[in-house]
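Both of the next two complexes hold chain A, though its partner changes from chain B to chain C.
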Partner chain A sequence: MKTISLYTNNGSWLTQLHPFTKLWYLAAAICIPLLTGSVWGFAVMIIISFVLLKSGRLIKKALPLIAFSFTIILTIFLIHGLVNQQNKNVLFAIGFLRFYKEGLLYAAHIGLNILNMLLSFAIVVLSTRPSELVDELERKGFSPRFGYIINSVFQIIPQMMGTMHTITDAQRSRGMETEGSLLVRIKAFLPLISPVVMSALTATRERAIALEVRGFGAKGLKTWMHPHQKTKADRIFSWLCIAGLILALAGRIYLWLS
Partner chain B sequence: MKKIFKTQLNAAVIVLIPACIGINYLGKLFASFLKLPLWLDSIGTCIGAALGGPIIGAICGAANNLIYGFTTGDNITLIYALTSLFIGLVVGIMARIGFMKTFPKALLTACAGGLAAVVVSTPLNILFWGGTTGNVWGDAVFAATQAAKLPLALGSLLDEIVVDVPDKLITLIIVFLILKGLPKKLTTLYDTEETIESLD
Partner chain C sequence: MAFLEVEHLKYRYPHTKKLALDDISFTAEKGEFIGIIGENGAGKSTLSQAFCGLVPQFYKGAYGGKVTVDGIAAATTPTAELCKKVGLIFQNPFNQLSGAKDTVWDEVAFGLENFGVPAEQIHERLDKVLHQLDIWQFREKNPFDLSGGQMQRVAIASVLAMEPEILLLDEPTSQLDPQGSEEVFHTVELLAQTGITIFMIEQKMEKLASYCDKILLLHEGKQIAFDTPEKIFSRPDLAELGICPPYVTRYCVEQHIFRPDGTYPVVVEDVKEALKRDKERKVTLPQLADTVLAEAPENRFDVRNLKFSYTEDHPIFENFQLSLDQRPTAIIGQNGAGKTTLVRLLKGLLKPSAGTILYQGEDISRRTVASLAGQVGYVFQNPDDQIFKYKVIDEVMFGPLNIGMPKEKAMEKAMEALALTELTPYAGENPYDLELSQRKLVAIASVLAMDTDVIILDEPTIAQDYSGKEIIRNIIASLSEQGKLVLAILHDMDFVAQCFSRVVVLAHGQLLADGTPSEVFVQEDVLKKAALDMPHPLQLRKALEQIQ
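Our next item is the complex of A and B:
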């Protein structure tokens, strides 16, 4: 069955790390450049993320994610380079389009921030099994009800995708048009989505009964199938991230005071 | 006041939330499949809010963006968890005070939901994207206001209004039609006003 999660177990060292260690890296990678506030902070974190992705053999899978955000970054560069309010000095011109230095700098800041967030998230997302993350959160006292919600999303969506394909085919075979003018496409939306939604909602009733029969609401301690123990590498990695965060915070406070 | 926020957390409601998150995903998928210039990714949130109340709506919205952000790598949606949360909350409150019962009232709910989305999203857009939304029509409006030297915040606000209010109108119309078609044996599961009568 097709899943929506991008995780695959390729056996690299990143997939072996404890989920929390990767969350510490995520926090560090996002907060450190924002605390230092310079373009160089972003650049350094982006390079580190690239190196980590490379060593985890995940770079190929991260590229589509970057390509996806590329159009958004491009729009930001176009709009701010051309029509930002602070624009004064022309940097270069293509035909009649004049690009200004101030707007481009502002766009570079935002673009780098997006790229940095994207890459650090890619590390967590591509190397962590969602259910493992949920399990570890539950071991730390996260509500098992919410844990169930998260895990079941991953089971429900492939099911619904299957229903969606069936219904799209069925409606098409009845002669419904899914291509053409905007009005035609808007009209196609309701007959496509309502059967899927209806069947999903009516299925919840049966699922609720099935869960209750199996003691979903039972109180008492639960046990785990695969507890993930932290290794030495985990400890070193997370302390490095925490140390980086503290250093950046200290630097920021020092700058404020001086 | 207490009744508006009354929430049950039984198995039926817990099961509703993942279904709603799945519906959100499908809405987005169909919208891109049909190449519609709208998002339509809050249908599930609105259904959850209308059935389970504002708290469930808020949980649906926030969990939706958090789950997709952390698993599909689409961390742009992560920032908008706050927006989804407020859409769920507002639609839930409107539904509980009876604004989902007739079609004109549902349209008012849609406007309220759309405005909630605008108010929460605009600061986020300015903070993270410098004011753009990533939607073609909205960004065209934004570029026009910036060229006319209007303030950044106003341009971003207009950008959001142009995209979000029509989006929520269509979303709520779909939700209204779907809710009208649901069997009663399902909707009674989520009814908080029902009382059980005993025969003896």
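Our next item is the complex of A and C:
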């Protein structure tokens, strides 16, 4: 089955870390540079994320995300480098286009922030099985109903895509064109979408019954088949992240007070 | 006090006037295997849902009478509690998976986790049921990646793991190949021997006759009888109630063979016993009557050196050859044999990676599906994959209008198709208000109205009761008379033997046998390889030949 999850089960140390450890890293990677307020803070966290992804053999999977972000970052550089309201000092010119130092610095700040967030999220998303994260959240008291919704999205959306494919085939079999001009596509919309919606509604009712008869609404403590126990590495990693956060926060408070 | 007691149970769905269950009363003890039969709409599924409290707790509506399971009132005990005692398995395995688990192992464990069963015990139970249902090898696979039959076994395992005391199975084998369904029946029988009470809703009367202790016969929500299979299937009014008794019983009615108590035999062993008692008795042995076309059949498809695979490392067909003429042809084989892939290639929905597919001499392997729509019609297995109009007549006219038929002619063809599928009274109804069996007939009518030379039917008998099957049998006969090729994928061997002139057996993308039903169904090695059963007339013939 095609999956919409980006999780890559490559058995690396990163995939074996506890999901909460990676959430701590995510919090640290996003908050530390924001608290320090320095471009260098972003740069350091980006380098750390790169190293983590490389050592976790996930860098190839992260590259498309980075490539996608470059389009946005380039646009930001172009706009702010050329037309930011703080622009005063020209840094360089390409033909008649003059790029200003202030705008480029501002763009660098935003661009690095985007890249940093993307890479730190990539670490969590690429190395964590969604169901494992949900299980751990449920163990900590997160509602099983919300947990089910999150888990089922990863299963049911690919199923709906499969159903959509079958429905397209069924309607093409009855002579309906599904490709061509805009008008053809608009005409095909209703015959394609109606069965998807109706099937989904029918399936939802049956699935609700299926969950009910398998004790989903049962009161009492659940069992988790794969509880992820925290290891020494998890504890060290988490405390490093927490320490980084505390240091950055302390530094920020010190700067405010001084 | 009996383990399960149903007393004067009455139920009406919300916004309806007619009672879906009307004064049902019976009792069942631990370890009994009870079949529930009746035509579509008789109230079978509603009754099974009343056992686990879904009726009335989930569906609401008007409820009267009482259902008690081991002294617990089903109507007022939350289903999530009652399901510790009562397990329910539906017809469609796809919708009874939780939809939230990545592996078969986790899927089967889902119910046990919800009840807080200790992890060690879950491991033990899973180990047992996955082996019992022969799905241990799939434990790491995503359940949605399995075939329909395998998925159904996962669904059964998920409920069995919860160790219910009553197991309700609502047509659990309708999507399985013959051996797959035999495995399910055998497993369920073993469960009954361990003390679990089994209720099975089924259209396969031969299976119920073999396995059930008692049968509950329903008709339009009313309880007609609750008795032994022999007494139920010996009733003279079965045809009026929409029930076709097992082949053995039909044969015995013809041959006037009785059991000592005056009822008709329902299983082969009883026939043998009866004939052994009366050694002088000579009977006409059952046989398959092959239908032969009056004229030499015209060629339709030529499949030459076909190669196809979904993934590079797993070829479905390699150098596959097949010619199809006008004769009604059934494609049979176990789940995953390549049957649906083959018909999708013939329809142009899939493109061969090598080889050619000729339709009346023209290579169609590169033609678009829409351009073939006027020549090759294809009825998908699930009617809900195509229905989108608010009126049956509009749905049936959709295909003809798409292929450029004038509106008047499309209407004429649509009405003919509705007449053939016996849906004329429903022409103005919303298809979604009809039963699944009727929606399947709407889907068939919508393709028949396109007046194509070839009609492909993918599992047309699923969800059909006896009268529905009769309608489909008439459709096949009528289309064949018109010189059209009917190509059908089927798991019902009796229906194949009864309705088709030619049978093609597939296994793992290979053509194992090709011939008339009487030629193919005597090849026991082929049937074994393809996980198929002999049609019941041949099974009986074989058994009787041994004693004569």
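Just a few scattered comments:
Operating definition for what follows: the second predicted complex is superposed on the first by the 226 of 258 C-alpha atoms of A that agree within 3 Å, B and C clash if a C-alpha of one lies under 4 Å from a C-alpha of the other, contacts with A are read in each partner's own complex, and residues count from 1 in each chain.
In this section, a residue touches a chain if its C-beta (ideal position, glycine included) is under 8 Å from a C-beta of that chain, and two chains touch if they have at least 3 such contacts.
What you see is a predicted model; the values in this text were computed from it and never measured.
Of the two partners chain B and chain C, more chain A residues are in touch with B. In the superposition on chain A, contact is made by A:Phe216 with both chain B and chain C. Once the two complexes are laid over each other on the shared chain, residue contacts for A:Trp224 go to chain C alone; chain B is not touched. In the superposition on chain A, contact of A:Ile167 is made with chain C only, not with chain B. When the shared chain is aligned, chain C comes close enough to touch A:Ser199, but chain B does not. With both structures placed on the common chain, the touch criterion links A:Gly95 to neither chain B nor chain C. Look at A:Ser152: by the touch rule set out above, it reaches both chain B and chain C. Of the two partner chains, neither chain B nor chain C is touched by A:Gly141.
By the touch criterion defined above, A:Gly11 reaches neither chain B nor chain C.
In the superposition on chain A, A:Pro191 makes contact with chain C only, while chain B stays out of contact range. Counting contacts by the rule stated earlier, residues 148, 152, 156, 190, 194, 198, 202-203, 207-209, 211-212, 216-217 of chain A appear in both its interface with chain B and its interface with chain C. By the touch criterion stated above, chain C contacts chain A in their complex at residues 49, 52, 54, 58, 78-81, 83-84, 86-88, 90, 92, 94-102, 106, 109-119, 122, 142, 144-145, 158-159, 162, 344, 347, 349, 368-370, 373-374, 377-378, 380, 382, 384-388, 398-399, 402-403, 432, 446-447, 450. Remark: chain A residues 4-7, 65, 68-69, 72, 75-76, 79-80, 82-85, 106-107, 110, 113-114, 117-118, 121-122, 124-126, 130, 133, 145-146, 148-150, 152-154, 156-157, 160-161, 164, 168, 178, 182, 185-186, 188-190, 192-194, 196-198, 200-205, 207-209, 211-212, 216-217 touch chain B in the complex. Listing the residues of chain A that touch chain C in their complex gives 1, 129, 131, 148, 151-152, 155-156, 158-159, 163, 166-167, 169-177, 190-191, 194-195, 198-199, 202-203, 206-226. Remark: chain B residues 9-12, 14-19, 21-23, 25-27, 29-31, 33-37, 40, 43, 47, 63, 67, 69-76, 78, 128-132, 134, 139, 142-143, 146-147, 149, 151-152, 170, 174, 177-178, 181-183, 185-186, 189 touch chain A in the complex.
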